[in-house]
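So the structure is just underneath, and the comments pick up after that.
Each chain carries a letter (A, B, C, D, E and F) given by its place in the written order, and its residues are counted from 1.
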Amino acid sequence: MDSLATLASATWGGPLLVLALMLPVAALMLAFVLGGRHAERVVLATLPIGLGVAVAIAAAIIHQGAALHYDLGGWAPPLGVSLHADGLSATLLLTTAVVLCAVGLYARADFRVPPGVSEARAPLAFWTLLLAVWAGLNAVFLGQDLFNLYVALELLTFAAVPLVCLSGSPQTIAAALRYLLFALMGSVLYLLGGALFYGAYGTLDIPMLSARLASGDPIAPAALAAAALMTAGLLAKTALFPLHLWLPPAHAGAPAAGSAVLSALVVKASFFLILRLWFDVMPASLTHLAAQVLAALGAAAILFGGVLALRQARLKMLIAYSTLAQIGYLFLVFPLVANPAAAPILDLGQTPGAWTGGVLQLVSHAFAKAAMFMAAGLIAGALGHDQLRGLGGIGRVLPMTVFAFALAGLSLMGLPPSGGFASKWLLLSASIETGQWWWTLVMLAGGLLTGAYLFRVLAPALSTRGPPLTLVKPVERSRELVVLGLALCSVVLGLVPFSSFGLVQIGRLGATGIGLP
Amino acid sequence: MTVRPGPGGSGFSRDATARGAGFFGCWLLLAGPGWSNPAAVPAVDVAVGLLAAAAATWASVHLLPPTPGRVRLGALGRLLLRFLWQSIVGGSDVARRAFAPRLSLQPGYLVYPVRTPPGPRRALFGALTSLVPGTLPVGSEPQAGAGCALVYHCLDLRQPVADGLAKDEALMIQGCGEDATDV
Amino acid sequence: MSVALAADAGLALLILGLAVWTSIARTAGGAVIGFMAYGLLVALVWVRLAAVDVALTEAALGSGLTGFVLLGAAARLPRDAPAARPGWGLRLAAGVVSAAVAAGLAAVVLLLPVSAPTLAPAATANLPALGLGNPVTGVLIAYRAIDTLLESVVLVLALIGLWSLARDGDWGGRPGALRSADPSPALVLLAQVLPPLGILVGIYLFWTGAIAPGGAFQGGTVLAAMWVLTLVTGLTRPPRVGGRGVRLLLVAGPALFLAIGVAGFWLGGAFLAYPAGYAKPLILAIEAALTLSIAVALGLLLAGPPLAQSGPRA
Amino acid sequence: MTIALTLFTIITVALGVVFFLAGTVGLLRFPDTLTRLHALTKADNLGLGLVVLGLLPQVAWPFGGLKLIAVWLLALLAGATVGPLLGHAAWTQERGREPPP
Amino acid sequence: MSEFLLIAALCVLGTVALGLVVILRGPTEADRLSAAQLLGTGGVAALLLLGVATDTTGVADLALVLALLAAFAAVAFITPFGTNGGRADPVAQPDRPQDPE
Amino acid sequence: MSSVTLFGLCGAALVGLGLFGLIVQPGVLRKILAFNLLGSGVLLLFGVIARRGGGVVAGNGSDPVAQALIITALVVAFAATVLAVALLRRLVQETGRDSLDSDG
């Protein structure tokens, strides 16, 4: 039988993209219907498959050396919606799958259905929401249509907000409410931007939009307004300073597995969209201007988040504020890539190092932050609290957990050998190469601040003085191993030679907007 | 009050069939404009209409089980006509008072001992009489003995409101078929 | 057409007035009522903008159900301890930002390109192949099917989020937010008479969506409203949240959508593609299942989180 | 015939508008909540009925017209139930202030 | 004809607006609640007039939905107040200011 | 000025009003209401765009693509409102407050 559409196009491996998008959705429905103990089983069965799909997508992209593409329903854009995975998307899909696998293994102990009942509230909610987060993230990373991405963002919001208040305490309810209001404002502004783009150019498809923006001589005022509104909305969702108010209480109050997902992955989704907006949609001349503003906010976030993290009394709050600062680094990518000085590199057919550095920061922070939150969860579970001043000597009791925490910290600080080091090195050298030394100062100051607040955790934890600690609850070895594995991931990234990060560049070079034409 | 299975019997099924036919008629009314040529209505349209009417009938029978007791169509028709007329008079009455240079109102409450037993019929009586000029049922009060009275708010107590209500009630009992075993 | 312009100006002024009222009303209840009136009039604006599909959704969802939810919340707000207003600095800054955004948007509206680029011709041109007469349904179920599919999952997700707000001990119970203690006879009569008619209208809206304004969302919303009416009066009871049947109903729409989409790989040549000649029946099947799922989801969203199994709590 | 129908529409719709106006004037002039409710529920329903009646010659017959009548009947049903509901609410409030008559 | 209908719609909207001003001013919640009734009839009338005047398809269906849900809106007004056990009836409370002016 | 432009300006004003309310309103319910105003202003602007596009082609119609997107967004906004209200009700139950003041 014939398909109705005639203009459809799909690359080899395109159906993999559909699989990556629909696997979590199908699993979500199955887990919800079966309920009870089956929910966990469905998730644990699906996660490895999803990881396999992500690996297959990455392999297909490397093998072809080009991005994957799929027109849904056989309807080609602009009428239809298409999925698209370049090297960056594949990297993020892979990161998501790895982190979620770890989180799934880790969370089994926290979200077990208690004996005697067939189903309990928190486990059902957690496992289904985890799948929903996954679906939302994959949809964001694969989306190629501004409105489809809006739905993906909403999917993510509806999955993430209830995760924040799974414990049901008043503080977490208030935090979830605040998060929801910020997220909703963000999505509405994003939607308005999409509407304006559609009104000005008659398409929501990113490549088409980019082409039309590049071809039309003056840029429509609507497009400028749209880009500004979308950026503002997405910044609120990413929690970049000064729109960060919701993040610390939300991430600190969520269950450890939830915080890991939120900090490591969810906020990255909206950052990814900002990246796409400015590098894939808007013309480079404008990106160059916006990049300065974004990076200035990022620099403020690095310093502000670092200082506030120093002043926290609770371990989880400290890690949450650290997320604030680490998000700031991501925004330094903008002026370092979108810079006239980077143009010669592009002419050579290479992506600027800052690009690789930014992606590496994204990925290594995801691993490191997930590991940290989960380590903090283990510590809090074992001690019954997570006050910093009560951590003395925890290193003797939970050596593996503290070791994992320290490894992750290594990456956050940017010390060798770690993914954080590689990324920050690339960013630093890019800032020097492009003659923007002031960002160098910010990064160095941020590194110092990170070192300082992590020292506040590690120094007492590793000290040998003081009375021996008594644990409220023993810690399962398997969970420690999971955390350690993630922390190792973030470190190992730094041991791989830069040249093997070719994946993150596939499909990017031809795109408009990266650097100057 | 929960969902009650309707009583069986031929009266029941006859009543349900009548409702179903009514609902199917409503469906025709809804979907009719979509058929450009009424002579060639697709069978599937009719089938969906029948399904919808069946669903509506099912809901109707569950929510408001048919009660035994004869419904006199003629009386019911007269009842409906009367209330349509009443609503017209009621509207005009209010308009007259609103536009009158001097506001001629004497609002107050009237307690009307109602004969209709509690349940759908009394509620129907309340709803219908809310269209009657100058009256608005606002609640009910227990009476001495087993009876019950509806409290009406009246725009003008000088009017013979209670007589009118009694007349309406008589007509309604006649139309809907009084039955002592009602709810 | 100056009369039409005058009517539209009146409508716009009325809407703005109600929006301002909603923002400044002294009581929360008053603000919500203002908002409901606002929503109803916005539905009229959608008619004036020739978007009857949207008007139907707005009337049913934007004004009706949203108002219902908000009023329920307004009635339960604490009476005392009004929250402190933010300082004048923040208010000033917010005022400047909001005014700038509004002014910028107004300028954008005035400066929109003369030749409005649009996908309308493409959307209409491909309709015959789908056997549909309503292009909006074509967009929702065919061209941009993925959005609608994910959208119906969002509704399920919202429900999971809502249920997750229950207390641990209440899990497995029935939602209990709607049951009113002593519904008045007039209300009961309404709940007995109106739902059958509402069911007819709901099914009709879904069915006519293929050729005229209407569709699964609109039909589902009307059905949900009718269900809620019977829940409020206690004529029906909400299902237990643990039940598998209700969950099957909730995912029936998205699941069927997904299944037909996957079948499209083989039969239609692509995921979410419909095989030629079978498009209309498949679309109607999906819409029917979606209508049902949406109705159940919306009804349960209004019914609130579950309460303990020991009967309704007042 | 057409002129007669047009005239009929104009007169009936205008009359309907007058009744809407009457309802609003009643709202303005009547002294308390319950009397205002009378004004609302009765005058407006009649106004809608007249508008529907006036529009009947202007729409496709029979379905369009019957649909309009159905709209009016539904609105009437709504009015007939909403009136008592709100009346009850207002009455309860008034009773809270003073003993019932 | 269509101009006359538009003028009529404008008039109905005007009276509805005037009525809303009265109703939303209060003084009680029950007063405000009658806004539902006012819009249920006035809004539907304006809609029908607008729709017939501009010959928009589907307007009758929209009016039907509005009329169906007009009653539902009123139920929304009543329900939240009934669920508090039926005794503490916030409708019967005088205004509860939330924000100090 | 045409009716469409008029409604566009109305939508712009609503966006400003909603944004302002969302930031400065102290009560959560008021914030939710402001969000709804903001959302409907945004959709109104979208509708204006749709009307322009549809008007060019169909003469008397509205762009069906935009209409479908608006419907989807309306449903999302409703679900968001329900979730926010549920959180608010839980917050009021737990703390007796209608604001997020003292937690940040």
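In the analysis below, contacts are C-beta pairs under 8 Å (C-beta built on N, C-alpha and C of every residue); 3 or more make two chains touch, one makes a residue touch a chain.
Since this is a predicted model, take the numbers as computed values, not measurements.
S.K.: Quick one: which chains contact subunit A and subunit D both?
M.R.: C
S.K.: Going by average Cα coordinates, which chain is farthest removed from subunit B?
M.R.: Most distant chain from subunit B: A.
S.K.: Chain with the smallest distance from its CA centroid to the overall CA centroid?
M.R.: C
S.K.: With contacts defined as at the top, give the pair, C-E or B-D, that has more of them.
M.R.: Between B-D and C-E, contacts are more numerous in C-E.
S.K.: At what distance in angstrom does the C-alpha mean of subunit B lie from that of subunit A?
M.R.: 61
S.K.: Using mean CA coordinates as chain centres, what's the gap between subunit E and subunit F in Å?
M.R.: Each chain's C-alpha centroid was found; their separation is 20 Å.
S.K.: Centre to centre, by mean C-alpha position, how many angstrom separate subunit C and subunit F?
M.R.: Distance between chain centres, rounded to whole Å: 13 Å.
S.K.: Centre to centre, by mean C-alpha position, how many angstrom separate subunit C and subunit D?
M.R.: Distance between chain centres: 28 Å.
S.K.: Which subunit C residues touch at least two other chains?
M.R.: 4, 28, 48, 50, 53, 72-74, 76-77, 82-83, 85, 101, 105, 108, 112, 116-119, 123, 143-144, 147, 151, 154, 158, 161, 165, 184, 186-187, 189-190, 193-194, 197, 201, 204, 208, 212
S.K.: Spell out, as numbers or ranges, the residues of subunit E touching 2 or more other chains.
M.R.: 16, 29, 33, 36, 60-61, 64, 68, 71, 75, 77-78, 81, 98-99
S.K.: For subunit B, what residues touch not just one other chain but two or more?
M.R.: Answer for subunit B, listing residues that touch two or more other chains: 26, 30, 33, 126-127, 137.
S.K.: Where on subunit C is subunit A touching in the complex?
M.R.: Those residues of subunit C that touch subunit A are 101, 104-105, 107-108, 111-113, 116-119, 122-123, 126, 129-130, 142-147, 149-151, 153-154, 156-158, 160-161, 163-168, 171-172, 242, 244, 247-248, 250-251, 254-255, 258, 261-262, 264-265, 267-277, 279.
S.K.: Within their complex, state which residues of subunit F touch subunit A.
M.R.: Answer in residue numbers: 15, 19, 22, 28, 31-32, 35, 38-39, 42, 45-46, 49, 52-53, 65-66, 69, 72-73, 76, 79-80, 83-84, 87-88, 90-91, 94-95, 100, 103-104.
S.K.: Touching subunit E in the complex: which residues of subunit C?
M.R.: Those in contact with subunit E are residues 3-4, 6-7, 10-11, 14, 17-18, 21, 25-30, 33-34, 36-37, 40-41, 43-44, 47-48, 50, 52-53, 55-56, 59-60, 63-64, 67-68, 71-77, 79, 82-83, 85, 177-184, 187, 190, 194, 197-198, 201, 204-205, 208, 212-214, 218, 222, 225, 228-229, 232, 314.
S.K.: Can you name the residues of subunit E that touch subunit D in the complex?
M.R.: 1, 4-5, 8, 11-12, 15-16, 18-19, 22-23, 28-31, 33-34, 36-38, 40-42, 44-45, 48-49, 52, 60-61, 63-64, 67-68, 70-71, 74-75, 77-78, 81, 89, 91-92
S.K.: Can you list the subunit D residues touching subunit B in their complex?
M.R.: Those residues of subunit D that touch subunit B are 18-19, 22-23, 25-26, 29-32, 34-35, 37-39, 41-43, 45-47, 49, 60, 62-64, 66-67, 70, 76-77, 79-81, 83-84, 87-88, 90-92, 100-101.
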